[in-house]
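Going in written order, the chains are labelled A, B, C, D, E, F and G, and every chain counts its residues from 1.
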Amino acid sequence: MINIILAILSTAGALAILFASIGILRMPDFYLRLSVTVKASSLGVGLLLICAAIMFPDDASVTTKSIAIIFFLFITAPIAAHMIGRAAYFTGIPLWKGTIVDELDGMYNKETHELKSDPKDAIHKSTGKEDDQIAETDEETR
Amino acid sequence: MELLLIIVLGLLYAGGVYFILRRSMVKLLLGIMLLGSATNILIFVLGSIVKGSPPVIDADHDTFSGIYADPVPQALILTAIVISFALTAFAIVLLKRVYALVQTDDLDNLNTPEEEDI
Amino acid sequence: MIKNFLMNLLLSFIWVALTGTLSYSSFVFGFILGFFVLWIMNRNEEDRRYFYRLPKIFSFVFYFLYLVLKANIQVAYDVITPKYFFRPGIVRYPMNTESDFEINVLSTLISLTPGTLILDVSEDKKALYIHVMYLTDPEAFINELKTGMERRLLEILR
Amino acid sequence: MTLGTYFDFVILPILTISVILVFIRLFRGPAIVDRVIALDLIITIGIGIITVYSIRQNQKVLLDVAIILALIAFLGTIAFSYYIEKQKDD
Amino acid sequence: MLFTILSGLIVSLLLLPFGRMLKSKQRILLVVLPAALFLFYLQYIPAVSSGRFLLQSTPWIPSLATNLDFRLDGLSLLFALLITGIGTAIFFYARAYLKDHPYFNRFFGYLCLFMSAMLGIVLADNIFLLFVFWELTSISSFFLIGFNNNDPASRKSAITALTITGMGGFFLLAGLILLGNISGTYTISELIHSRNIIIHHPLYPLVLGLLCMGAFTKSAQFPFHFWLPGAMKAPTPVSAYLHSATMVKAGIYLLARFNPILGGTDLWSNTLMIAGGFTMLYAAFHSLLRTDLKSILAYSTISALGILTFLIGLGTREAVIAASVFILVHALYKATLFLVTGIIDHEAHTRDITRLAGLRKVLLPVAIAGLLAAISSAGVPLTFGFIGKDLIYEATLHAGASLSFILTALAIATNTGLVAAGFMAGIKPFSGKLPVEFEKIHLPSASLWLPPLILAVAGLIFGCIPGIAGQLFSLQAANAIFGSDTQLHLKLWHGFNLVLLLSLATLAAGTFLYYINKPSGKKQHFIQKFNPLSPEFALNRFANGIFGFSTWYTGKFHNGYLRSYHLKILLFAEMLLAYKLWLSGPIKIDFYGLAMLSIYEIAVVVILIGALVMMILTQSRLTAVVSMSIIGYCTCLMFVFYSAPDLAMTQFTIDTLTTVLFVLVLYKLPPFLNLATTWERYRDIAVSLGFGVILSLVALQVHHEAISTQTSEFYANNSYILAKGKNVVNVILVDFRGIDTMFETVVLSIAAIGVYSLLRLRLKTSEKE
Amino acid sequence: MTGNHILASVFIHLFIAIFQLIAWRKTVTQRILSVGGALVGLIIAIVLFQQVYLHGTYTLNAANWAAPFGIVFAADLLSATMVLLTSIAGFAVSIFSSTGISRQRMLYGYFPIFHFLLMGLNGAFLTGDIFNLYVWFEVIIISSFVLMTLGGRKQQLEGAVKYMAMNILASMFFLTGIGILYGITGSLNMADLSTKIQEVENRSLVGITSVFFILGFGIKSAVFPLYFWLPSSYHTPPSAVAATFGGLLTKVGIYAMLRVNSLIFIPDDFTRKLLMTIAVLTILTGAFGALIKTSVRRLFSYLIVCHIGFMVGGIAMFTKVALIGTVFYLIHDIMVKTNMFLIAGLIRQLRGTMSMEKLGGLYREYPKISLLIAIVLFSLVGIPPLSGFWPKIYLFRESFSQHQYVYIAALITGSLATLYVIAKMWAEAFWKETPQGIAVEDQFAPLPVYRKILLVLPIGILGVVSVYIGINAETIIQVADRIANELIDTSSYIKAVLKN
Amino acid sequence: MRSIILQTATRYLLPILLLFSIFLLLRGHYYPGGGFVGGLVASIAFVLHSFTNGTDATMKLLGRKPLSLIPIGLGISAFSVILPLFFGLPPMTGLWVQEKFPLIGLIGSSLFFDIGVYLVVIGVVLTILFTISLTDD
């Protein structure tokens, strides 16, 4: 019984990781790659850690450690994603051409990196193409 | 598995050497770091390598019951790693200062002629 | 509320001590046992927030896991099939949160849900900018988030 | 098939393939941010591999390494993003 | 004897720093030293001339068999008396000569140092001790030649002299040590017992060559003679003392001293005779063409030294006698001539022979001294020079049937030149009409003219009563040189014989030469055209060659390019290692045992290699850093797989921190430039792959070697029981090998302080060290 | 004999440095601590030397673990001598630094690092464990990096980059060698290795291992063709620093060669030939370089290289006589080379430059100081009876016995080049008048008397030591003789360490 | 680089990391860990803090220059190394308190040694990183 649960959990975990990997390889732009990978991998690793916790039932420390790792992963991964995503946007990494809307466009103060919340404050609405980060071709994002 | 490590260390040595033969200071640094890793792996591989048996005695035993990895190379490498870190950190900062002074990453520009000696 | 929680913890430790096995299972069992004991004891008290918040947390966790699972499968499907189904976009999401902690938790959770990713928080802490993979209509997406995740979360936190 | 062999011949290979796939992304880039997230993902998968490995070897001390990875890995990403942003300024 | 040497050294060491305290009236005290020493050595004449000798030994460095061994025999005494006697005259003279010189004290300091060193050479009975003093004479000579140190020519001459004599010194040292090695003793007087071993040793030519190098450089034999004319930059008393009477004779002394030990072989004779013979003729000829008084004297000195070398080389009884007498003869008249020259220079402010004339009218006592010295040098009967010349001819005539004619002719030619040179120096300035410009010259104080006069008169006295002089000074010296009794007995009159005839002929020819040879700038100019053939020129060319080569070589190797240094170091390493590997034979690889691989291990390695490749190919620094991180993390995973959790943890944290550090620093730097040519790139790839392959092969080799597990077993077994820890690695780090860790933290601390100061400390440009 | 005190010379400097770190930015305290501490260190070293001389090798089993399991420190006569020399040089440099180093540098940790360096040197000389030696080497190089860069002038940094790169390369070779050594023997204790290495069946592996040590120590001691870092950098740091480096750092390499060659890799025929070739080329390289340099410190740098060759030649011959020569030369060289760079510093103070072309007039203005310097210079040249002379006799003697004529020629060439360049330097810097148009910055004259003394005193101390070494060569020979004996016959060392 | 999310997260990550570092420090003798890794983790915690809140804020949090931790740490280690000398034992010899402490286990001089190492590592890493980030070239 336990073995079956373990097999299921571990398979799910491994597959989640696999999908994340395929995702990071296949997705057409940076933001999509980021989006796909962060959680799939956290989920996958989390599942594997639960397996570990179950595998060593007599040892509370393993369970504690597993929980701790999951906890850390779940709080750090989104933060890391947020930081790198924002940096990417800032350095002008283009969005995929199929992106339908970019409400972030023009909201940053380029000098101070300050981000506004009100669309009316936008320094520059995307009227000119040169400032638009949405790519026109696939090549731009590869 | 030793063979694999041996190949790895050879490549790391080769990479390190290649990098220290470049003109860029950053590459020099990277080369030094690679050589450091290579040496660590060399030391590691020359001890007895065992999979999955860290040299940590079980909670309920006083000595090892089964096989265990040779702890000595590990301790040596630990020391070496920390020392390389110290050196690397200092080297990185040196790089920063040199860059600030000569405005170049090119090692060939580090030749103030004898005439300018004090 | 804190008092109840501590009491519950104490009870579970006592249970562990009684059974003499220091393990997670006995602790969790002791905690559940203690919860029910306390719940029964406190049926007539004024402050019973503790007793309905805990189940809410559980239900939120399951809700969240459900979201994660669902979206993961969606993404997985998209990833392994040759054709792209997604329609990505960056959406400005106006928040109702008050504290930094709430923002933090909310954004973490949003990011952990596949398909959505926080890119940044505005300086005045009023808006999140979210990268969404499957964006049919920004308004609909904002509404769903507002009534779903954010509402449930704030219910627990406040 | 025992659970052990299942781990050895299914789970670990899947993880291995994943990590190699991610590395391909890392190799290809194109932008530095792509590499950074690939690196981050490799470390995360590394945690997974360590977990499975420690299960297989019945060595729970190895999990300690996983904790460290989980705790610290993101500092690298933070550092990279910090300076990718900063570099843009200069 | 030791105290005689030490006294000079001590006086010197006191004079150099504290000499300024000496008031000018107290300076006469300085003369007391050589005078006292002279008297001291005089008292040994009776003992020594009766064939005894004095020994003194004080332990110094017994391990090297180098003790303060002194031995006073005839040869030593002759030199000791010369050194102290002429020294007295010189000291007396110099006191007046340099009266107002600001560095008077230094001058006497050097002079005392020299005198002691010279005494040391002639008294030492130990080859190392001899060498010690030998070098001290070079040093004091260096300081004295460079005494007028504002004059670039003076400095240059000092360096040249020191370099030449120093070079000779090193050869001499080598030769002496070799001699000691062969004979097993370092005591000079004992070496004679090993004579047979030495002269039949296969290395005998080497010994001889090295010793001769020492002697010839010191005694200015061709082709090393040219430092001596240069040394005339020194104040004249120095020239008189060092560069004619004493120091240059150190080489002669050496040859004389070693004649009984090394001499008597064809090699010895030929070497010395050829060198000496050529030198004497060459220098005599050159002396005729000079216009500078001191130059004339310098060349005639060289010539005289050549004669002495030649005579020792000849080595017959007569030759040795001649040498032992001629040493004294030459010292007396040459010192006189120098001192006379000094007075002329001092008063007339010129030494140009073409301008000097008629000075007898203003400097009569000086003129007398000059005349006496000149006739002595010419060998006019009743002078000591006459005796010396006689003996030389005696020697050449008895050289043996085939040689005697050539050698005698050689001697005559040389002596003819020397006669003329002597007249030029001692007579020419005083004869003729006094030019107007010199009319104002007054006779200087007796302190100046008395010493040369006394020396000249001494020459005359010895010439008149040669028997006494020979008995007292030369007999035992000759015996020492010859190695057995020479039965030397000097007589004023040998009757009319071939020798006398030759002497007179020489005198006549010399006088004739003196009259027809008018030195002029033109002639000097003419002879300078032959400079490219001169050894000095050749040596200069050689030196320039050395400098050119040094510049090229140093620039080639130490070219300023770090990568080229690395390349050289690595190529050297590869060569050595490859050679050693090749020696070790075929390499066994146990693929089965080594290659039990799992897929994840392979994957990690593949990624590591990929990262390495990426790192090499990328143009972006940040990508390179990412690759570095990947390599680090892969290593970390390896450590996990192979049971090293502590390593993995540390490697991982440190890698992360390094990454942080890198990005903190790197973002300002420019991207990599591709600066290498394709050829360089391929070369570097070859070198680096070579290194990698070699290291891998080494690792493979080592891996096959069974390891002793004694140490690790001890740690494993006692980690908990004795050291109370279960993580053996940690126990090693904090207990078994805790000292390593302690000082590794020091390394870290130093690095941190270094970083702090490197970034914070900004020296102002005005800041000194 | 067991002696827990033999590490005192290490710990004294450790604690001085720690206290100085606590007294961060308090330069007066640091100075007093430095000079006082260095004096105590010197006394400790003298006592240790005396004890070792009288009673033989002392050992200390760190952490009380028996050899070969723990780290063993051993003070045999060679170690004690090296510690003594380090302490003398350290004391002198410490005094010089107290006024010769700018306050700015003191504020940023000059003194603690200096004492860490001395600590590292003493540790390296005392340890009996090969890996521990590596740690000491690292302490030495990292502190030398810091001292090299302290102040951060452009030239300093340029030199430091090369210095660092090649020294790290040396450490890499050394560490690789240690790894292999452990791989074939399983031991790290040098005395233990001495026996274990003989049990290794694959002798060619031992040869390969020795190559790594030759490379590592070769770079450290700056032999041809590994010397490049030295002339690239030694002319750049402050003189007090250069003095410590010039006197001691390369000699650690020589010390290590002596130690390792005597205990672990007894030189075989190939190694001897190799070392001899290296020695000859090193001498020539140093000599050629010195001939053309006009900056005093660049000149001295090449002279260091040149004279290292003398010692390597002695090691190559590896007989008792040769080793006496090498050890004696080592003793002489440490004292003199330290002093040379202090002199360079003093010249800098006197004239504001170290370039011979710009120098001049020193003898006229400072006759007494000049004479003091002259004595040191002559010691360097090996003018008898000063200190450089006696060891050469041994080297000559042995090379004649072994028919090493090329080495003899190199010895003569090297000595002659030294003589020439020193004479030239004397003529240029001391005799010559300051050239026209060069403004003399005499920073010495305005100093208060006590600071003048602090600058000249260390040169005097080292000069006196040099003269003592020369005049009382017998004592030094006795010491060198015993050291050479210990190096040839290591059984007493091994016995003392392994206690069997 | 201001980010509310990161700042908030750091607020609770910092104590967690510090706690974890002490955990690693204390159990090093029995399990993987020790003063080095502990110190590295602790310094990473502060580095993280400095990333989020600026180096000045972290300095304020520490209350002192990180450089001053170095002599303290070195002093502790060095003292625990020479302590055995006062008992007539060679330096570095482990001295142990006889009683076993709960959770930590036996307390001996090696623990103090490790604490010294821990402090040194923190001091070193922070000195290096903070100096860099506070210096502009």
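Just so we're on the same page, a residue touches a chain if its C-beta (ideal position, glycine included) is under 8 Å from a C-beta of that chain, and two chains touch if they have at least 3 such contacts.
Bear in mind that the values here come from a model prediction, so they are computed numbers and not experimental data.
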item	value
Most central chain, Cα average position	F
Pair of chains joined by more contacts [C-beta pairs], C-G or B-D	C-G
Cα-centroid distance, chain B relative to chain E, in whole angstrom	48
Separation of chain E from chain F, taking each centre as the mean of its C-alpha atoms, in whole Å	26
Computed distance of Cα centres, chain E from chain C, in Å	91
Rounded Å distance, chain A centre to chain C centre (Cα mean)	18
For chain A, residues that touch 2 or more chains besides their own	15, 22, 34, 42, 72, 75-79, 81-83, 86, 113
Of all residues in chain B, the ones touching two or more other chains	20, 28, 42, 46-47, 51-54, 56, 59, 72, 78-79, 82-83, 86-87, 89-90, 93-94, 96-97, 99, 107, 110-111
For chain D, residues that touch 2 or more chains besides their own	15, 17, 19, 36, 53, 59, 61-62, 64-65, 67-68, 71-73, 75, 78-82, 84-87
Each pair of chains that touches, named by its two labels	A-C, A-D, A-G, B-D, B-E, B-F, B-G, C-G, D-E, D-G, E-F, E-G, F-G
For the chain E and chain G complex, residues of the former touching the latter	645-646, 649-650, 653-654, 656-657, 660-661, 664-665, 668, 723-727, 729-731, 733-735, 738-739, 741-742, 745-746, 748-749, 751-753, 755-756, 759-760
Residues of chain C defined as touching chain G within the complex	100-101, 103-104, 107-108, 118, 120-121, 125
Chain A residues within the chain C interface of the complex	15-16, 19, 22-23, 26-29, 31-32, 34-36, 38-40, 42-43, 57-58, 60, 63, 74-75, 77-79, 81-82, 85-86, 89, 95-96, 98-105, 107, 114-119
Of chain B, residues touching chain G in the complex	54, 56, 59, 78, 82, 86, 89, 93, 96-97, 99-100
Complex contact set, residues of chain D against chain E	8, 12-13, 15-17, 19-20, 23, 26-27, 29, 32, 35-36, 39, 42-43, 46, 49-50, 53, 59, 61-62, 64-65, 68-69, 72-73, 75-76, 79-80, 82-84, 86-87, 90
